[in-house]
Amino acid sequence: MNPALSYRQAFNTILKRDLKIALRHRDDIVNPLLFFIIVITLFAISVGAMPNVLMTIAPGVIWVAALLSTLLSLERLFKNDYQDGSLEQLLLSPCPVFILVLAKIVAHWLVTSLPLILLAPLLAMMMNLHPDGYLALFLTLLLGTPILSLLGAIGVALTVALKKGGVLLSLLILPLYIPVLILATAAVEAATMNSPYQGHLAIIAALFFASLITAPFAVGAALKVSTN
Amino acid sequence: MAFESFTDFITMGKHGFYIWLSYGSALIILLVMGFNSFRQPKIQLDKIRQRMHREQQLKAYQQKKAEQRSQSHSGEAV
Amino acid sequence: MLNASNLTCIREERILFDALDLDFQPGDIWQIAGANGTGKTSLLRILAGLMEPENGEVCYQQTAIQKCAEEYHQDLLYLGHSPGVKSELTVLENLKFNLQLCSQDTEQCEKLLEQVDLFGFADTLAAHLSAGQHRRIALARLWLTQAKIWILDEPFTAIDKLGVKRLEQRILEHADQGGIVILTTHQDLSLPKSRYQTLTLERIFS
Amino acid sequence: MWKWLHPYANPEVAYQFTGKLIPWFNGIAFILLSIGLFLGLAYSPADYQQGETVRIFYIHVPAAILSMGLYFAMAIAGLSALVWQLKLAHAAIAAIAPVGAAFTAIALITGAAWGKPMWGTWWIWDARLTSELILLFLYFGVIALGNAFEDKSQGAKAVSVLALVGVVNLPIIHYSVEWWNTLHQGATVTKFAAPSMAMSMYIPFVICFFGCAFLAGSLICKRFQGQVLARNSLRPWVKQLALAEDN
């Protein structure tokens, strides 16, 4: 009997493979970012460019744009694997499913949300965000986007076998995103009025760890159900 | 000369930072663009060379198998 | 080693098979025959644990496969209809990944390519290859895996004559070493009759 | 077998021709830019109102004009590709798009850098900057569509259609943004008026503009060669070139 593959090795293999595939599809990375910028430009243009108006809506607009662009790129998480059969191989590998699923979610987060977080300050500037709000925005995005990926993965796992999963996916997940959205925008607004926002961050962090622990199992179960 | 000294030229009446920022960023973008553009033909030629090399390798392998098959046939025929 | 007791499977309000009892001993080769849509693939997916039967149970070494999932998957190699090959990766990368996923060593990957006559395609992207070649990448794992139980869903589709003969050789070799092979195929197997049993699934009209 | 109407439509001739152009373009661009920038940065007087920041003008406006001009050039290539089935025009579009996007980005960054000392914020939703930003999105659209297709020939037609659709929409976008901007007149402190052109400012500007234009020309020719090779990779002359390059 060959040595059983250690969980860490399995995690790394999946992570490396997914990152390699994502980097070969460079437009899968760039397109959500462009979507993120264009959505914010649309808000700025439609709301009219009065600096004070922009300043008040800036946190909300940036967060909604981040949320939508994550939603846009979630589809890619399991769809291709389901179509070319590697999802079955994943479910049948000796390594427990939740570790492989976690690796895929981490790869997805690195490819889509990390560039988004790095781009957010540039767009906060375009939205004329109050200077104190930048750090809060960065921290809420850093803690918030993993939650979006984790919860979103559950929705994708449930709808992976359906043909027209796209709209249904957003219907399933957006309600789950509302707590994160409320806390994050409240934190940034609190920061702009330089009142303490650590409380909001703590709750977002708690949400993050809760979803980090429960989501992979839920995704594993959902995948077993949808490939039934 | 619109400036008395070189340092004056650099600071440009306290707006120096913005001017050099814009010229610097323009220079960087053009350098990156230039470097990428000048490598374009080379990249394509490398790709073509790699493809030709792989085709030769495949043809050699095909011939080797064809010879094996013809030997084995002649061997059986004898 | 692997047995299934009174399996029933119902798909879209149709009973595919009912109260099926199967027992696979090391060295067996089972061919699941039957017309299209009689539940061959469903049976294989239930045995592999991808699908839940209506009732009944699949046991691996006397424990239900849901309980001993890790050990069972360690010992199982399942090839479904879609080959599980990523088109963005090259042939070699696909092969290496498949083997790493089932914790097998990946040294002799290049030599393996010749076995399934994909020699020279090592660094071409799988996207540029045909469906048959994709299938052969998936089948290449048969030569390297240590898994005892093979569940192959129509392994011979889109494979040329020479490939089929070589595959049957490998299956025979594996069975002789005490492995279990369960496969579905439409062509008749050219293995000696004594070596394999056939289970034919008929269409059940409730 | 190939009956070419236009002598330069033959990929090999086009490849050699652009190859000869590149050193000339480089030389002229280098000379013009060095003179223009030297005059613009060191010699020309500061603007009475904007002070030294007006010097950004010598890179910002040429880049903005070029970004618009290159988009029109791309649209013309798209038109010739669709109407006269000129394979080379597809290569031209794919060559121009990234260079155009680069100059639009330069225009945006220099515009923002110019806006900071004047209005105190890096980004201002001024009519020209906003339409420049939308132009950048149009360029990214053309580039992304070009990369989306695996085989180039199928993608090429789609890209030329997009380029045409884009160029039709350019004036519409420009005037709607202009109208939008007057609607929110309160937003911008002073109209982004181009400073009145004293002769000592006009000459460096014109030199700088042609310098940038030739530089863009050389970049485009080089990318064009790459695209021609990519689209004719099975041709014997390309194989000989690859082998010649080898040793």
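General remarks:
Think of it as A, B, C and D in the order they're written, each chain with its own count starting at 1.
Convention: a residue touches a chain if its C-beta (ideal position, glycine included) is under 8 Å from a C-beta of that chain, and two chains touch if they have at least 3 such contacts.
By chain, with names taken from UniProt: A = Heme exporter protein B; B = Heme exporter protein D; D = Heme exporter protein C.
Remember, it's a predicted structure, so these values are computed and weren't measured experimentally.
For the pair subunit C and subunit D (Heme exporter protein C), chains touching both partners: A, B.
Taking A-D and A-C together, the pair of chains sharing more C-beta contacts is A-C. When you average the Cα atoms of each chain and compare centres, the chain farthest from subunit C turns out to be D. Distance from per-chain Cα centroids to the pooled protein Cα centroid is smallest for A.
Taking the mean of the C-alpha atoms as each chain's centre, subunit A (Heme exporter protein B) and subunit B (Heme exporter protein D) sit 33 Å apart. Centre-to-centre, using mean CA coordinates, subunit A (Heme exporter protein B) is 36 Å away from subunit C.
Centre-to-centre separation between subunit B (Heme exporter protein D) and subunit D (Heme exporter protein C), using Cα means, comes to 22 Å. Shared contact sites, meaning residues of subunit C that touch two or more other chains, are absent.
Among the residues of subunit A (Heme exporter protein B), none is in touch with two or more other chains.
In subunit B (Heme exporter protein D), no residue touches at least two other chains.
If the chains shown are joined wherever they touch, the resulting network closes on itself as one ring, and no chain has more or fewer than two partners.
Interfaces, counted as pairs of touching chains, are A-C, A-D, B-C, B-D. On subunit C, the positions that touch subunit B (Heme exporter protein D) within their shared complex are 117, 119-121, 123-124.
On the side of subunit A (Heme exporter protein B), the complex with subunit C involves touching residues 1-5, 9-10, 13-14, 17, 20-21, 24-25, 80, 83-86, 88-96, 224, 227-228. Against subunit C, the residues of subunit B (Heme exporter protein D) that register as touching in their complex are 54, 57-58, 61, 65. On the subunit C side of its complex with subunit A (Heme exporter protein B), the touching residues are 48-52, 69-71, 73-74, 76, 78, 80-89, 93, 97-98, 100-105, 146. The touching residues of subunit D (Heme exporter protein C), when paired with subunit B (Heme exporter protein D) in their complex, are 37, 41-46, 51-53, 55-56, 59-60, 63, 98-99, 102, 105-106, 109-110, 113-114, 116-117, 215, 219, 222-223, 225-227, 229-230, 233, 238-239, 241-243, 245-246.
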